[in-house]
Every structure is written in structure tokens, then in C-alpha cells.
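Pasting a structure here, questions to come.
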Amino acid sequence: MPSTNSWLSIRQDFPILDQQVNGHPLIYLDNAATAQKPRAVLDCLDHYYERDNSNVHRGLHELSNRATTAYEGARERLAAYIGAEAGEIIFTRGTTESINLVARTWGDAHVGEGDIILLTEMEHHSNLVPWQLLAKRKGASLRFVPVTPDGLLDLSNIDELLAGPVKIFSFVHISNSLGTINPAAELCARARLAGVTTLVDAAQSSGHLPLDVRELGCDFLAFSGHKMCGPTGIGILWGRKDILAAMEPFHGGGEMIASVGFTESEFKPAPYRFEAGTPAIAQAIGLGAAAEYIDGIGRAAIFDHDQALARQAVDLLEEIPGLRILGPRHDRGGLVAFVLKDAHAHDIVSMADQYGLALRGGHHCTQPLLRKLGVPASARASFYFYNTPEEVEQMAAIVRKIQTFFA
Amino acid sequence: MPSTNSWLSIRQDFPILDQQVNGHPLIYLDNAATAQKPRAVLDCLDHYYERDNSNVHRGLHELSNRATTAYEGARERLAAYIGAEAGEIIFTRGTTESINLVARTWGDAHVGEGDIILLTEMEHHSNLVPWQLLAKRKGASLRFVPVTPDGLLDLSNIDELLAGPVKIFSFVHISNSLGTINPAAELCARARLAGVTTLVDAAQSSGHLPLDVRELGCDFLAFSGHKMCGPTGIGILWGRKDILAAMEPFHGGGEMIASVGFTESEFKPAPYRFEAGTPAIAQAIGLGAAAEYIDGIGRAAIFDHDQALARQAVDLLEEIPGLRILGPRHDRGGLVAFVLKDAHAHDIVSMADQYGLALRGGHHCTQPLLRKLGVPASARASFYFYNTPEEVEQMAAIVRKIQTFFA
Amino acid sequence: MNFEELYQELILDHSKRPRNFGPLPDATVTVKGDNPSCGDEVELSAKLTPDTVETLKFTGHGCAICMASASLMTIKIKGKSRQEAAAMAKAFRHMLVTPEETAVPESFGDLEVFSAVRRFPQRVKCATLAWRALEQALSTVPAAPVSTEEND
Amino acid sequence: MNFEELYQELILDHSKRPRNFGPLPDATVTVKGDNPSCGDEVELSAKLTPDTVETLKFTGHGCAICMASASLMTIKIKGKSRQEAAAMAKAFRHMLVTPEETAVPESFGDLEVFSAVRRFPQRVKCATLAWRALEQALSTVPAAPVSTEEND
């Protein structure tokens, strides 16, 4: 685990953190929305565009060869990052597109009238709306694993919930609005016993803890590059080889075809079958560099660091009058969402911004969950490895000032 | 129009062009596959990641505000770039995703059993396969405007082709494998008379000539950022306001919803309805910078420049024994594809690479067209404003050497 | 601090104790407005005659800016002619997107406290939510000479 | 020039005048192979006995590397035992992905001309197309002791 000093030197890798906002040093605690990018990733993008930029796959010249090698190298690195094979890694725009891809292709083929899609009450809209649309297309229905008042999944009836015509169980690994870490491997094991396909939404976990798809035992895994130090516009869908092999294409176009006639076409095998058109080449390569950078630090160490900051934040925030923390008290991912009796989340966030503190306020794309918890909106501080205990202290002090102001 | 000198100084804006490949100065003539990026675009990306990177739309803090302003500013710039309104500009990954979006949403709603989708025989796979998939889903069929032996659309029967249950006419503006410039405004006018919706594939024209959707008179327009000096991973779908307003969503997820319940959701209006999840923020902003850069030079001047290089290339290549140029002799976009009697396209391109010359060889994602022309593969030189007459001369000299070698 | 400028006493007071908050049983029109991206919700009920906004009340939840704006709006608009109400809504929305140094019309009175919102573009939609609901209410129920209709 | 190393006389000769090019009417197996990304196509027809590749011919089109490789393969494999043929195909494909300095087995004979392809990774699939077709042909028709079957 890096020492305090080396965490501080890691922070130097992020040029954006070195700036003043509204006359104060930036305290960026909006990492669950998107993470910042280290110099290594920015250099990788620059290098690509300044030396190697070319279209991939069909080119026979040097630049095209370099671009293809780098692009496929990124696929291999991402595969290694989650214990998968390169042929199982599909590049998408992000978690949202990954889940839509599964709902459209696997879903349209396997979910029919009267079937059930199992989700949880804590899903992000991106793991809810695609299934609502699928259910509507197919006459299927949705079922939800309930969330307890303290923000955990209520698993007392999980086997009953998995019973019946349940076709897929899609659930979030770490909740972006509660911080809850769900027991993904156990849930996948239960689902497998029930013959139910699983998708894990790893948007909040992929950059924060070690992930191995074989250990998780899931069938699909989705995550976004921009939340793990990678560029925007790139993400991953991982699917088990045998499942991908049987799936119909998603989009049609260049790169995904084996042979095209005027009226019929044959398609390449996975992963190319699912990557129609010119892919997000630079971004895929940049994500490869991000994975390399993160593994240079170590995801176990990052997890410990983030958890320690979250613990510290919970301890400090709890002391503020009228402040309620959402989600479990301990054992949470590196984020803390809260509400103040006396101030609305937007007012908290706007005021925090005046101190250079970046928080997020709102429903965090989990409207139904917040409605169930009886909270219209919350404020959220989310941490990453470049954040420091001093920043957490300052955050808590600012929130306290805001509370006093509105009390 | 920039003078010869200023064309040369424009060339200095592209760091990648200043390199040796296989011991020779790089001659990059693979611009129809992807264009290179000027310093202005790279600086814009760096600035975004080093100062403003944040998630958009739902944020109330300074960085999020900057990112949102820049992202929506890019939308406005792209709208101005094609004479549209900002609300009509949907950010996608590229031409391929744009066309798939239309086929999936507009297509699934408007094309039914027995209906006809009109294309041309010169379409890129990305404007063919999505319609094949739609036709299969819906029991519709495809119809094609034929291509004449010299690579023009045979429009003698266009009104008959547009008659009957034709729902959409989707066609390429500039052919990527022939260089043909199709009379897009005329075709759209004919289609409108026949009550047929139109989509123009502007992948090869958006960075090469002035485009105005109202003058074109089309209903949809699709193009890719990476072919017009923008980043990879970003493109545009433009749709007429009233058509977009009536379209169902594409993907489900964050950012595209107005309100989400556990089982039902309401969606935002266009363009947000079609942009589920975290968008390719940096890339959209980078594409805005690319559009600004291109308009700083002037698309009319770029068009003249590219056409002049193409004319020069045709004149020089024609003199090589056994060389056949595909497509129209004059009035072509800035690209020239050819076959040699004595050498296969791959051998030409591999050898050219040994001289630092980047050409592309193969079917250029237009397999059915090449089959019809009786050519298994062609070699293609494609130009952009940073290419010079000297490069064209060198290209022709290298092709001549290759011909001699294989003769 | 900038934010004390934004959250002046008047705004804090109206956000904590919003006036005209609650149902309006004899409303002739009720309009629900929301800011989907942040979750603010305001339900505005008004009793309109052919010429006048006789009375108006609201319910809902939102941030201090949103609540205070709704509260001050109800006070300002009550009893105004429909024409005046529409003009005021338009002027208010317009004021929020003018440059900071632009003078605020005399007629705004207390509403001037919202001029600081111009420095916080992300909060403009909070301040205008109730006003957009008002505009919709005015457009939903035809003005004179057509007679008043029930609408919910 | 590098490319003269790639396009040695032997390759040019076989690409221009491919041997064993044409249909094989008494083939026991025909396999079509293609490189979808570039459009090369080779159709390989072979007459297999339970133990031997008695004869083989091919048709199709492709680049010089692809054509020469198919031509030289037919010469090399003709009359070989099925086991030897399979081993040679495997060894040939393997050779193309070894580092440039790795020595080429003696048994390769003329096939050694393809060792330069190792410097052109994009062209490996051109050189191996016919060999992959051969491997598929061998796996499609069961070897001894099962008797020969017709297959197209």
C-alpha cells in the first residue's frame, strides 16, 4: 500500500487538481460522476493522435498497423484487468451502452411475454430504463429486490425472487447513491443455481476494487472508462464467451461483417460482431493506459484508501446537527450521500462550490430509490485515490458552515 | 482561398505529418478512412481534461458548469456548421451509430411488412447492413438505385424507384470508394415529392464541402467527427425537428429521462432523449473545435484544394500501364481508387508503405459495389487540405514503380 | 462570500416559511412543473377570472431559491391582471439571463433579490420553475372574452 | 528495399502463374476460405484417402502472397500423409508468428521464402489463408479408419 507520501505524489499526476475555484483550491469530490485523468492517460492520447492516428483493422500501412496493435493491445489489457479473455471484451461508449447492448441483443432473443427481469431497488437509471424498454417490447415484467431502510439489499427472499420465469438478474455492484457494496459473487451464485443469467453493473467498482469475472461468476459485466481515469466516450461490456458466441449483432456497419451482399450479410464473431463502424480508437487505447495506471497503484490499496476516507467522512458528518447519511454506516464504497434537515441538496452543493468544493446534488439517477427512501434529493461526496484526509476534513467543515447558515 | 504558402503553413498544424515511416517522410493519403488532428483540436482536448473535466448536465459546481457549457457550446457550433438548430444535433459515436439510431427508432416505427427501403448500389456497409437488419426485423425489402459502369448513379428511373411503398431513401453524399459526388439536393427533392423520408450519409462530405441541411432538403444527415479533424468516438446525427420530436428513444439510461419510476419512465425531448448515459464529452467538445478549425480555413477552399489534387492524381495515374481508375473521371471528391492489372491492391498498399506512403486497399466497406464492378479490391489515395501537389506526384511515382516491379 | 449575496435574508425567510403554500380548493387551474434533472417540483394552483389572477397558491419541494421564488411570485402576482402577470413572468425570466450589470426594472420590487442568480447559471432553472408554471397556467385557461373553464 | 525481400522471385513467379490452379472434379472435399477484412478468397479442393492427401488444387483470387502461398502449398502437400500435412500446416502458421531471427526448419524447403512475411504482420493472414483451408479440409473429412466420405 502506498505511503501517505506516495499518495501525495500520485496526486501530482493529475494536472486538473492543481487549480483554484472561486478563490479556493479545488476539492474535487465528484468522482462517482466522473474521475479525473492522470498525465499518463493524457500523454497516451496525445501520443496516439500525434504519432499513430489511423483507422484500424483494414489498413495495411504502418500507421494503421500501429493503431490496430494499440487498439487490440488495449483490449488485451482490459481483459487482463478483469480476468477475462480478449475475445470477450467489447468496447462501447460506457456502462449505459453496454447494458442497452445486452437488453437489445440477448434480451430481445431470450426475454418473452410473461417473463421476468429481476433488478434491485437501488439501480441507476441506466440499469433500469433499458429493461423497462425491453419489458415493454416483449410483454415481460420487472421485479425488484427490495432495499432496507439502511440501504442494504433485503436478501431474505432472494431465492423466491429468482424463481419463476426470471430470465436475467441485473444489479449494481456498488451503489452510486448509497455506497452499498453488494455481495456480487453470492448473488451470481444464487442466480446460477436458479438458472438465471446475470449482469453486474460495475460502473462504481471497476476503478475501485479488484475485479475478476470468473470469481464473480457473472455472465455480463458493464463499466465506464471515464469513472476509472480513462477518457470519456469509452466503456466495456464483458460477456461470457459462449453467450457472446450465440448473440445476434447490435448495430450493423463496417468492421463487424464477414461478408456483405446487397440483401444479406454474414457477421464476424465476437467481439467484432458488436463493434460496428469506426470504434472509439483513441479512447480505447487511453482506457488501456488508465487500467495500467490504476494497476500500477494497486486496486486493493485504492479500495482501502477510499474506504478510509469514507469512514472519516461518515464520522465527521454524523456530528452535524440535522444531517442524515444515506446507506450503510460502514462497509461502504468511497462515497457518502447525505441530506440536511435545514438545507436542500442544491443549496448545499451551490454553496460548497463557493468554497471550491465539488459535490453532487440531486437524485443521482436513482429517482425511484430516493422516492422510496423519502428523500427528494441528496448531496454526495465521492472519493478517489488522489483525495486526502485533509480534503475530507475541509469538506466536513464546509458542510457544517452551510448547515449553520441555513439553520 | 489560402495561397500555396498558407496551405503549407496549415500543414504545420498537424504534428503527426512530421515523421518518417520506413525511412521516408510520411505521405498520408488515407484521409477517407480517418483524417489527422490539428494542434487546435489536441489543445482543446488537453484543456478540457486538464481544467474542466466533469460530468455534464446534473452538476451544480464550477467544473460541471464549465463542462456543460462547453458541451452544449459544441452542439451549437455543430448546428451552425450545417445550418441547423442545436436541438436537432444528436451526438453519437459516428456515422454508423447515427444510421443505426435512425434504423432502430424511426425505422422500427415507420417501416412495416412489404415496405421498401431505397438505397444505392454504392453504399458503405454502414448504410447497408442497418437497413438489411431492419428489413429482416420487419419483413420489408431493399431496393437499389443502380450504379453505371463509370461509377455514377443511374437516375433514369429514379421516380419509379421512389414509387410504391418506399419509406426511406438513404444514400451516400460522396462515395468513399468511387469519389462520386451525388446530387443530394436533387435526390432529396425527388424523394420529398414522392413522400419518401431521406437520410444523407455525409461521412465523406462533412469535412470537405459546405453543407446546409435546409439547402439539401434532407430529413436526416449523419457524419463522423474523426473524418473531419475531430477525435475518434464522436459523430453527429442531425434530424428535422418535427421528426425527432415524434421519435421513440434509442437507448435507455441516465440523462435522457424526464422522470423515472420503478416500472415506467418519461423521456426528455430531443436531443437529450437520444443521448443516454454519460456522453462522449471531451470528444464532442473536440469536434466543436474541429468544426471551428475547418471553417477558419473555409470549406469551399478545402473542396477546391481536394478536387485539384484528385484531378492531378487522375491525370498522373492514368498514364501508368494497366491502371484502371474507378469512378467518374472528373467532378469527383478528393479521392482516387484504382486497380492495376499486374498487382493486387494489398501488394500495392504494402509496397507503398515501404516508401512511407499510406494508401488503403481492399473493398473499402463497399463489397457489393466492388463485386458488381468486377473488382475484388482496389487501392485508394484520399486527400485532405494538408496534402500537397508534391505528395500527389510522389504517390504517382511510387505506384509506377510498383507497377514496373510486378509487370 | 458570494453565496450570502445569493441567499439574502429575504430568500432564506421565504424558503423557510413560504407564503401562499398549500392547496387552493377553488382553483380554476392547476399546473405541475418540475426540473427533471434535479428533482424540484412545484404545483401551482390559481383562481383566474377572464381578466385577473385573483389568487394563487403552491405546494411542492425544492431548493431555497425555488421555494422563495414561488413564494415571492404568489405575493407579487396576486390580484394582477392576466396581461400584467404574463408580462412580469416574461420579464423575470429575461432578467435572469441578462448580464450581471444590467439594471433590474423598478417594478420588480422584492423580486430584485433574485438578480444574484445571474451569477449562478445552473440555478436559473430553480428560480424560474414557478414562473414557468404560471405561464403555462395562463396559457392553459383562455383569457377574456372566453368564459372561465374548469381544468385540472 | 524491404519489399523486394518480401516479394522474392519465387513468390512473384507463383503468384503470376499459380500451380495446381483450377477445379478438381474428383475432389473428396472442398473448402472455401476468405479474409473478410480484405476480400481474399481461396477455394481449396482435395482428394483425400483415409491416410493421404492424394492431390489438391485451388481457385480464387487474392494478393501475390496469398496466391503464391496457396500454389507452393499444393506442391508441398501433394502426396503427403494426412498427419504430415496437418503438422506442416501448423508449423507454417507458427513460423509466421515467430520472431524474425528464429531459424526456419529445414523441412520447409521453398516455403522458406515466406519467412519475410514475419516482418509484415498485416500480411500474415494473406500467407495463411490457403493453409487454414487445408486444415479445415483435413478436419472435415475423418481420417482412417473411417472410410472416405463425399463432402462439398
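Miscellaneous remarks
By letter and in written order, the chains are A, B, C and D; residue numbering begins at 1 in each of them.
In this section, a residue touches a chain if its C-beta (ideal position, glycine included) is under 8 Å from a C-beta of that chain, and two chains touch if they have at least 3 such contacts.
Only a predicted model underlies this, so the values are computations on that prediction, with no experimental measurement involved.
In terms of C-beta pairs in contact, A-C outnumbers the other of B-C and A-C.
Each chain's centre was taken as the mean of its CA atoms, and the one lying most distant from chain B is C.
Chain centres here are Cα averages; for chain C and chain D they lie 79 Å apart.
Distance from the chain B centre to the chain C centre is 47 Å, each centre being the mean of its Cα atoms.
Centre-to-centre separation between chain A and chain B, using Cα means, comes to 31 Å. Between the CA-based centres of chain A and chain C the separation comes to 38 Å, rounded to the whole angstrom.
In chain D, the residues that reach two or more other chains under the touch definition are 37-38, 122-123. Counting partner chains per residue, chain B has residues 22, 58-60, 64, 257, 259, 346, 350, 361-362, 367 touching two or more of them. Here the chains touching each other pair up as A-B, A-C, A-D, B-C, B-D. Residues 22, 343-347, 350-351, 354, 361-363, 367, 370, 376-377, 405-406 of chain A touch chain C in their complex. If you check the complex, the residues on chain C that touch chain B are 34, 36-38, 121-123. Touching chain B in their complex are the following residues of chain D: 1-4, 6-7, 12, 37-41, 61-66, 120, 122-123, 126.
The part of chain A that touches chain B in the complex is made up of residues 15-16, 19, 21-22, 26, 28, 30, 33-34, 36-37, 42, 45-46, 49-55, 58-64, 93-97, 99-100, 103, 121, 124-126, 128-133, 135, 141-142, 144, 224, 226, 231-234, 249, 251-254, 256-257, 259-265, 276-283, 346, 349-350, 352-353, 356-362, 365, 367-368, 371.
Taken in their complex, chain B has these residues touching chain C: 57-60, 64-65, 68-69, 257-259, 268.
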